[in-house]
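Common to both upcoming complexes is chain A, partnered first by chain B, then by chain C.
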Partner chain A sequence: MKKYTPLLSLLIFVSCIANTSAKGVYQSQAAFLNQAFAGDIPKVSLIWLTGDIRKTTTQILQHKPSRLRIRYWARATRSAWVLEEIGKERPITIGIVINEGRIEHLRVLAFRESRGDEVRHDFFTRQFSQAKLKPDLQLSNNIDGISGATLSVRALDKLARLALYLDQQRQSKN
Partner chain B sequence: MSQHKKPRIRKLRSMYIWHRYIGLSAAVLVLILATTGLMLNHTEKLQLDSHYVNNDWLLDQYGIHAPNNIRSYPLSDRWLSQWGERLFLGPIDIGESDEKLLGVLFYNDMLVMALKSEIWLLTPAGELIEKLGPNEGIPPAINAIGITKDGQVAVMAAHGIYIADQDLTTWQNTPAAITTWVDSEKLPAALRQRLLKKYRGHGLSLERIILDLHSGRIFGQYGIYVMDTAAVLMLFLATSGSWIWLIRQLRDRQRRRKQ
Partner chain C sequence: MRKCTLTIMLAATFSLPTLALADNDSQQQEIEALKAQNKLIMERLDATAEMLESSSTGRTTDAAHNHSVAAGDSLRDRTFGNHGSKGATTIGGYGEMHYNNLGNKKIGGSDKKEIDFHRFILFMGHEFSDKIRFWSELEVEHAVIQDTPNGANGGEVAVEQAFLEFDLNADMAARAGIILVPVGLLNETHEPPTFYGVERNNVEKYIIPTTWREGGVSLTGRFANSFSYDLAVHSGLQISGNNYAVRGGRQGVSNAPANNLAATVRVNWIGVPGLVVGAAFQQQTNITQGMDANAGAANLVSAHVVWQISQFSLRSLYASWNLSGNGPAAVGADKQTGWYVEPSWKFTPKFGVFARSSQWDNQVNSATNTQYKQFDVGFNYWPHEDVVLKFDYQNQSVPNGKNEFDGINLGVGYQF
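Entry: the complex of A and B
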């Protein structure tokens, strides 16, 4: 029996790892906004997804937006967005800070899918830094995928593009 | 008499006869198993999970009845109601929530619908504008929604009355606000009947029926054993069929050798 103990321990350890869920809330919306604006959060603003904005949003997301009104927080050239998109089955919430039309910071706030949470790590989200929106609505940065997390990567890419597009709309409105 | 018995016994001992009769008796069950199995293999293409059965007898058999907790609120020209977890604006299905519906009102060309910890903003057609929750400053434990004397949206929550700004983006605790609260009312009979049909009709997917036909559960607790028997009979048929083929091959070979 003794000689099987290490093997049994290894099996139990592996099964524990396999059962670990990727789900989690990594940062609250309030904490994200506090960090983005150094504690001085601007008043919330609204953008309506109607007319051409809705059409372009649908083009970026590849489906109709789930809501018609999106909140954002902005001061001068900086804006912060908290957006959601379904990866495979459950929504992923991300916070994006944009400055002068470029992504300054992108963070996964909540991940509810059972797998693919590698997208929350810095090594992945750093790839979005300084990305801007090209005229064809694609990101200027090349984003390397993660095997096993394709849909989560795709969701983050869509939200990054959407935030940049909505920021452009906000700037043109002002 | 004994001369008649002998061929009959021989007949009964013949694998060929058993194969024939078992094949015939299992045919109907095999047809059901094969057809439903084929359909289940292509559930997504056939969209079995998004087609629903409206047959009253079947719905009764499955025990799909109206929920006990139907809540409904009148708007100027229609009703908002909650059936179990499902929400309907008039006859339109607008979504699901496991939270209790507490009221709805018209405000700035929007429908403002209150649940226990969320406010949903909808277009008059029932399209979702935004869901407001604790992150959007909604006070905890709402138990009523209403309109103040000054025409502002108000909610009664655990810590008092909260009033929203014009865009419904911020909520202020205003204990002294004079508010007319929204009350629930009984759904008109005609709409109730229509929604009942819709609610029950959404409860039983075609996929469920096909699955239960395949497993035999649709015929009650003994149906499973009937389908088990069909599976055993199919195993027998496969074996007896192979056996008959083998015996015939051997006989043919022997006959050829003799010739």
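Entry: the complex of A and C
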């Protein structure tokens, strides 16, 4: 039996990859926005990452943003953001709804990293609920991490803070 | 003359509204022209921004605005110049340099005062499609690889990982190639900014021989919303009959004998934020690959917990080998065990302190004392989230006649 173990392993492996399918998209952007605005999605707006906004964005991300503008959807005090940040090697897509300067809802829409996808679970994302941005650009809520998913946790934390900051800028512009 | 002046004044009075109207029309036309020009400039600016963003992120605007996919505004780009046929090749890396200033309590033993660029690692990955990708790590240890007449040198160039990963569904992926054995806390996540202590802990060196890589296939996935699992079938260790210590048995997937494979299974429970509880089991069908008739199968059992509450963290691990055969039993190496407990406190996101108590023994059943103990205390300072400066003090207690190193360690490390 022992000598057939490699062959058996190979057969199981091949049968598995024969049924390969895409993983990691948990909710489409459309579904997220529909849910956020009860089916009546506002027109997309853009905020330019220039001047002080760019500086602060860089401070939050700890690297220069690769975009010049960020899209958002807003109605009155409510805004929705769909942002991506790389944890270790691949982007994690996150949808964030902010109302009156607090996170109302945060959801991992797509996870593409090899490890660390535990951050998509509700038990983790619930920690961001009602978080607001402190003057030092940190979240008002404590976010407990997940061992082995440190970089994914960090990516979510950064995007939550960035969305809150950009929402402040959006509000002040109006 | 008076008549003439009056005529001029009357003419001017009646023509003023006409002139004003003409000015208004002209201004309005100018405003409209400026508006059109401004619109054109904004359109061109948007087009330029889109081009820059798409060339930077490798994603077209159409895809980014397609609501049917989960595409967000990407904020970081690691595809350097869009390498590869689809611009999906990524690079990264990590490294660490250590300074050890350790006194040796062994009578006649040499102190250890050295500086060493211990690890320099380059990552490279490529995404063939959204379901199939490649990942690799190339490592240079101890900075210099020098050929010597007797073949002895201080360094190592090694492929630490090189595997293809296939997404099977939302909760499962398969890997094939050189994979890291899914056991312990450090073996898979060992970038210097992610752990305390200049040197890796000795339990995950001598009992779980990190960095432990084998050639094989694995399945990784999740179930019941809070469990993850790994199943791997891979090449086995080939330990020598001198002392049967497991660390010496790593073959590095370099023409490694594969007469006797090994299998590893690991399960983690991640049900609440900050807490990970896991266990792993490995079966080696023959831990000497049939080279030693006095040794045979072996198994490894390990368990770990990581608990983070606010600024407090606790990491703890236990690992134990059971080796069959008269050979290991004769030197007490039929059981090899280790554990550590490491509490830490992060005062700020940039500064944290830790303490660690550890014990390990590669000959538990030996008639003599073969147990090592070590206590470490120190701190990490992160001037940037991916850069760390480390300091620790270590105090060892070792078996008679063995090197006993006490002293300080300094380190710098990075990842990107």
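Assorted remarks:
Operating definition for what follows: the second predicted complex is superposed on the first by the 151 of 174 C-alpha atoms of A that agree within 3 Å, B and C clash if a C-alpha of one lies under 4 Å from a C-alpha of the other, contacts with A are read in each partner's own complex, and residues count from 1 in each chain.
What we mean here is this: a contact is a pair of C-beta atoms (placed from the backbone, for glycine too) under 8 Å apart; a residue touches a chain by one contact, two chains touch by 3 or more.
This is a predicted model, so every value here is computed, not measured.
Overlay on chain A: chain B and chain C clash in the combined arrangement. Legend: residue contacts after superposition of the two complexes on their common chain; A:R154 is shown touching chain C, with no touch to chain B. Contacts of A:A110 after superposition on the shared chain: chain C is touched, whereas chain B is not.
More residues of chain A lie in contact with C than with the other chain of the pair chain B and chain C.
After overlaying the two complexes on the shared chain, residue contacts for A:R67 are found with chain B and with chain C alike. Residue contacts after overlaying the shared chain place A:E84 against chain C, while chain B stays out of touching range. Using the contact criterion defined above for the overlaid structures, shared-chain residue A:Q29 touches chain B and also reaches chain C.
By the touch criterion stated above, A:I47 is placed in contact with neither chain B nor chain C. Once the two structures sit on top of each other via chain A, chain B runs into chain C at 40-48, and not at any other stretch of 40-48, 202-210, 220-228 or 292-300.
Residues 28-30, 44, 66-71, 82 of chain A are contacted both by chain B in one complex and by chain C in the other.
Listing the residues of chain B that touch chain A in their complex gives 121, 123, 127-131, 135-136, 167, 169-170.
By the touch rule above, chain A contacts chain B in their complex via residues 28-30, 44, 46, 66-71, 82.
Chain contact summary for the complex, chain C toward chain A: residues 49, 52-53, 56-57, 64-78, 90, 92, 123, 125, 127, 130-133, 135, 165-174, 176, 185, 188-189, 194, 216-217, 219, 222, 225-226, 228, 233, 258, 260-261, 268, 270-274, 276, 285, 306, 308-310, 315, 384-386.
Those residues of chain A that touch chain C in the shared complex are 2, 5-6, 9-10, 13, 16-17, 19-30, 32-33, 44, 57, 61-63, 65-71, 82-86, 88-91, 93-95, 109-110, 112, 114-115, 117-118, 121, 123-124, 127, 142-148, 150, 154, 159, 162.
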